[in-house]
Amino acid sequence: MAPRIELKTSPHIKQADSVERIMRTVVLALLPVCAFSVYQFGLSALALMATTTLTCVLTEQLFNRLSGRPSTIGDFSAVITGLLLALTLPPAFPLWMAAVSAFVAIALGKALFGGLGYNPFNPALLGRAFAAAAFPEAASTWTQAGLPERFSELLPSTLAMPFMRPESVDAYTTATPLAEWKFEGGIATDTWALFTGMTPGSAGETSALLILVCGLFLIARNAMNWRVPVAVLGSAALTAGGFYLLDPGHFPSPLFVLFSGGLMLGAFFMASDMSSSPVTPAGIWIYGALIGFLAVIIRFFGGLPEGIMYAILLGNAAVPLIERIAQPRLYGLRRGRSG
Amino acid sequence: MDADSLSYIFLNAAIINNFVLALFLGICPILGVSGKLGTAFPMGVASAFVMLIASLAAYGINIVLGYFELEFLSLIAYIAVIASAVQLVEMVVKKFSPPLYRALGIFLPLITTNCAILGVALFQTSYEYDFLQSLTYSLGAGAGFILAIVLMAGLREQVDLADVPSVARGAAMSLMLAGVLSLAFMGFAGLGG
Amino acid sequence: MSAADSTQAPQAPSPTSSLRLVFTLGLIALCSGLLVVSVVEWTRPIIADNHERALQQAVFDVIPGAVERRDFVLTEQGLVPKEETDARGEVIHAGYTEDGALAGIALEASGRGYADVIRILYGYDPACECIVGMSVLESQETPGLGDRIETDPDFLGSIEGLDASLTEDGTELKHGIRTVDPGEREEPGDIDGITGATVSAEAIGDMLHRSANKQLPQLQGHWSELERNE
Amino acid sequence: MAAKREQEPITMDTFLSGLWRENPVFVMLLGMCPVLAVTNTTENALAMGLATTFVLVCSTGLVSILRDFIPKEVRIASYIVIIATFVTVVDYAIQAISLEIYNALGAFIQLIVANCMILGRAEAFASRQPLGKTLVDALGVGAGFTLALLCLGTVRELLGAGEILGVQVFPDGFEPWVIMLLPPGGFFVLAGWLLLFAWLKERQNQRAAAAKEATADGR
Amino acid sequence: MDSALTQIALAGAVMASLGILLATILAVANRRLYVYEDPRIDQIEDLLPRANCGACGVAGCRPFAEELIAGRIDPARCTVNSAELNQQIADLLGVSVGDQERLIARLACAGGTHVAATRARYEGLKSCRAAALVAGGGKGCVWGCLGLGDCEVECGFDAIELNRYGLPIVDAERCTGCGDCVEICPKDLFSLQPESHRLWVNCRNKDPQDEAKAHCEVVCTACGRCAADAPEGLIRMEENLAVIDYSKNDLASPVAIERCPTGAIVWLEDGQPRRGAGARKITRKEPLPRMEPLPRV
Amino acid sequence: MGMLSFLSGRSFPRGITPPGRKAQTRTEPIRRLSFAPRMVLPLTQHFGKPARPLVQRGQEVVRGEPIAEADGWHSVPLHAPVTGSVEGIELMPTARGPKTEAILLRTHPGDSQTVRWAQPQDLGALSRRQLLETIQAAGIVGQGGASFPSHLKFDVPEGRAVDTLVVNGCECEPYLSADHRTMIERTEDVLAGVRLGMQALGAPQAVIGVEDDKPDAIAALEGAIEPGEPIRVGILRAKYPQGSEKMLVRSLLGREVPSGGLPYEVGVVVNNVGTMAQLGYLLPRGEALIERIITVAGPGVERPGNYRVPVGTPLRYLLEEVGFEGDDPSRIILGGPMMGNTVAFLDVPVTKGVSGVLVMPEAAQAGEGREAQPKPCIRCGRCVEVCPVGLNPAELGRLAAKRQYEVMEERFHLNDCFECGCCSYVCPSDIPLVQYFRIAKALNRERAS
């Protein structure tokens, strides 16, 4: 029998919002992107998403079990990690590698740091970076979008035996718009196609339009800090614009930079991961600007065609330092008596 | 960018082939002294300073030993001079600026056995850098070292407030962070190439 | 010592005499110098031999059929055996077949790869005016990816016999050497690239082109000097 | 205090403590750079381990012999010179033995000088202990170091190339995990070993606690 | 051969001069830049546990060492260290160890969940500090232990464990007397007591008898029997509580506890409290039912 | 309206807008609550030293008579709220937890309970100091919640000129409407109080800050201010915690009270409208503070409304009077839902600083937001976006969980937190941030002393 008076600290009312609701909203916002990915790349993309999501959820459960914590799969965050990981991988990525990456994403990226909210790095991108470094070839093999038989068959590399080299998919491979620009000396994709998204690339990064719409939905539902995408995209556009003005022949236009590759997906869904970004508004501006800047620098001057993944991870790494300098302005510190 | 240009040498040493994260030099202090930003930063600065000394010393030693054709003695000479220089700096600081000694001095003996210091001397020799290039290289390496240790310290402070499972506390956590940092730094590979 | 005394700080321990310090460290350094120099002297020939053999092996690797090697330097007087001159310059390793005929020459080239500078040695056969082999001396390329420039059969295969003939006037390569996408070779100077290691593979093509384009015209007219003349 | 320890006899424990209980890598976290840098193959790891052990044994031995002779003011400088001497010796010896290994280990042979483990042992142990004990300790620590290097080397070579000591282990068509050969791989594998040890230890502790609970029957 | 010999000679000479040069510099520097530091500080610090717990009343182990050398403190004040090592420190300094009596944390409450009533359910952080700030925490006895274990968490030596009734039990062997629990407890129930204080009042309730008994079955009701049985002046009644005058501790004996009806006053044997024969036996294991919150006006 | 006032800048940055929930009581006129049979009068109902009892057990007192005197300048006296007899001076439970001494009065049943102790004075003739003494003698403390003795607040240190008396009519907490009703029904008292306050302070002007969700109060005040009087009504956007004096000063005057400082440092003194009404009503009559106006509301109350309650009325009596059944487990909250404290004892009396009593049965709490186990902070940053002081509650919370209280104070300005609860209100992870901060502050305070 419990006492009938209850003691509790103030405040005694609360806003009706919860972590689960936020995460569910993000999953909801990701669904159209996933659907488009399946439409574009077919069954392979579907299998990829299923694999990463399942592995992420199972890994999360496993680690909760091991460390004796209550199950946290109900909060959907592992689902997000799984989906986003799949969306950043090439559609023909072998499933066993995807599973390894998903395991690393949750185990190394999240569970070992203490779980939801404590991960200093974006788990999905950590998994993606692991994949890129462990299986660099598979992670940079892109297939064409809209292959006619995509709904009836899987790409041959998808089903590679665990630990084995995937079958060559040379027949379907192609260069992404970014790689074309970087290694083949020119932009061959027009901006509208980039914007709408029937281009080769990672499973979920291609349609800037769709990502934009879904991202705005997230912002509208207060599930994401609007400053993140604004800062990342703004800074990327400014940096790219600067170089473009310097040498329009050599550097692509800012629009190409914004709509190609994973910049959009990164800015809206991955840089915005709350655990690995600053909490203060000023910090977020700096963080976003850093990411946008680094992404463009790596794209333009680095050895790789795409830099958003590394830019976000580096941004994550800088978060503690950023927060050191970007605390909110304290009431009563500056303004004194006005009269 | 030209591989011999000063700006490339600096960028290369600081970021692209970061001493700590890509070349595995100076790992011990990175694991040991990166617990708090407040100590990591002075440690980084002290190390960078000693790197500069080491670089200059190595440059001088190379000239002397080159003259006698006794290059094989270079290793001994570097380390002996570095160790003595560090000891000297420590004494000077202790004598003339006790506050600075309290902030930096305690790290100085640690730095003698920091691979990164000797690494600067060895690498600049093997790359056959001239004076300015050596100087730039050591400054870049120092900047890279500070960057790495400060990033590590920030992350470790953040993770200290996390609910880390007991098995992952301590050195394993530092190594994991260093690993992820090094993974992120791979994005800089080929920069300027 | 009474208890009261002990709470008094002891005198600073009397410092060791400076002479002793100097003497000790001097002595240790002296011994160390002697020990090192003896080891160095003792291993010097062995190490030189090791280097020599490694070089030899590399040269033979890139010049098929070579069993003997001599090094030359291009000087004002033409190609002079390396032993006979102090002149510094590109070393040209000439390889000879069992019957003493010139099998080809090996040249060093270097350039920036994906991670860092790559150094290679490549063989050139004046008879076919083509590149006959290539081996990597030094590279920091990503293992399993960039380092496939050492192992990829298609890539290496397309370098073997790669056309490196000069234009009529002998001032530059007739067909530029470059790396193209795998399976897209069209020109005689094209090398099959490696998927996933585009940068490294292109770097090889690029350094081959630069080196051959510079060195081969200079060697034009000196080939006979390489023929064995004992 | 030192005097008290000196009386203790040389035991197996002196050796084992360096090998395991106070393993320089897994427990003391010393000499980490070579541990991470040269362990992408087992062979390199072994060579590095042996080279380091050699330097460790020789230099601590010499320090122990000279321990009463070297004045405190130039202690560090002298130790360093002694260590550097042996490192140079090893450096040339390896060049003479195999250029391939020499190239693979790169600057890290010379960097043995800066291996804090060696100076640490010289300072903390050899400068206070007689020769015999110092040598046993150095051998133990050296063996522990080599063991740690091998732990990393095998995992990294196995996953990174599908081989161990150059012998193919996985069937043809194995997809190597390139990351294992890259810097992050080094960090992750070492972290992995530490996690494993910590986990085993925790489980052991839990078992022990459970056993105690069972006998004591609570309060 | 000749060149090899010159090389050897040269090498020796260069190294020797380098060594001499460095040694000279260091030697000169050593003279010129010498800063005196008492070498015994290091020696003593080596002998201290380096727990930096502050139980000695100094900020940490090194400052403690400095205090020791200055003769301002006894080695025994370090309660964490073994007696043997403290003796070594004393020997090193040529002083006596000092006869600091060991202080151990002791709780002045016996109101576990099975004997003490709650009045209101507290919801929120599982912390006594937190609960105490919310209207005192909801326990019937406003002086009593809240049983949320801040002391257990705070004790850096694992010396406190909550028992099944939510009462902290101090492991006398582990307790170093650092006082952290004294500081953290929002109800001020802990105090550091010398081991020789064996007569102990296990209660802080100042309510008048009837009200107090409604709150807790082991409460001190200030009935005065212990004072009557104990030697004159050892125990007196103050604010509805028995208070022991420890300056007369020598007179203390177990007779004082025998007739205590609630067992609020105890005699400690090997650190374990013994209740008097007259104390009511408590067999209940489950929590006491809550108090009625809304009696008639 | 809200939009417009936002444009005109009549607010402060950040903060939250919880649902007001004032409909239950805002239209109810103030009613009198009957006298409880037994009154409990703690000797500390104010910030400062406890009062010293003047009465003894068994002594008869009349309504309004002093029963305890101020113990020095930093204290206020206590007056009998009823005519009756002194039952004793005993330890009694308080809302905060520990028991303190209180005077118990047994109300004489059947007594008319008119005030029989009054010493009218000519206030205009008093010097400032005398006026302050009069205020102290009337036992007046702030009615806005902090119970700070009003005479102390008006006692601005030498050399500090106060140019504006700010009157706090925001009542930004949900549910509460006592100030709202006071402004409507006792407009004249409020204004009389304001004038007295200006006199006591020597302040040339006064501003009454009222939120824009109380248009009737604004109209009443504006209508009652004499033309040309240096008193104006400042209309503010309804937003929590507009009523906190620091925010109010910022919103009304654009000044910021320095961190760790007091309002007079920027030339302002802030008082609640209730305090002003008490001043304006009591001083001219020479009476003392023995009752106050309280909102009794919440989902568990049958007859919610604003009541005029004698100080010392036990909660148990009050709740029975308003028809609280007490069947469900409930939280009984003194004050508003954002800052108020729950009580553990229903013997706790209404004291001078209590502005509301809320009853929240468990059943109703579901509608007021979930009560869930705290989860780890996901660093969403909402708390940072709402903290009106510009703190970083997320970081503070993480530090608190690791008990790094000193860092919280040294690097993250813990002491600037005034526990408004905005951060806890928005936290989707249900982290009890404010509770953490309270522990941290309490411990730091103890350790410092």
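By written order: A, B, C, D, E and F. Residues from 1 in each chain.
Simple rule for what comes next: a residue touches a chain if its C-beta (ideal position, glycine included) is under 8 Å from a C-beta of that chain, and two chains touch if they have at least 3 such contacts.
Predicted model, so just to flag it, every value in this text is computed and none were measured.
Shared contact partners of chain D and chain F are A, B, E. The centroid of the Cα atoms in chain A and the matching centroid in chain E are 51 Å apart. With each centre defined as the average position of its C-alpha atoms, the distance from chain A to chain D rounds to 40 Å.
Chain centres here are Cα averages; for chain B and chain C they lie 29 Å apart. Chain C has residues 15, 21, 24-25, 28-29, 32-33, 36-37, 40, 114-115, 142, 144-145, 199 in contact with two or more other chains. Among all residues of chain A, those that touch two or more other chains are 2-9, 108, 112, 114-115, 118, 130, 133, 136, 303. Contact with two or more other chains is made by residues 7, 11, 14-15, 18-19, 22-23, 26-27, 30, 119-121, 123-124, 130, 133-135, 137-138, 293-294 of chain E. Working note: touching chain pairs come out as A-B, A-C, A-D, A-E, A-F, B-C, B-D, B-E, B-F, C-D, C-E, D-E, E-F. Residues 29-37, 76-77, 80-81, 83-85, 87-88, 91-92, 107, 110-111, 113-116, 119-120, 179, 182-188, 190-191, 194-195, 198-199, 202 of chain D are the ones that touch chain B when the two sit in their complex.
Across the interface of their complex, chain E is touched by residues 1-9 of chain A.
Put simply, chain E touches chain B in their complex at residues 7, 10-11, 14-15, 18-19, 22, 25-26, 29-30, 33, 35. If you check the complex, the residues on chain E that touch chain A are 118-124, 130-131, 133-135, 137-138, 289-291, 293-294. The touching residues of chain B, counted against chain F in their complex, run 160-163.
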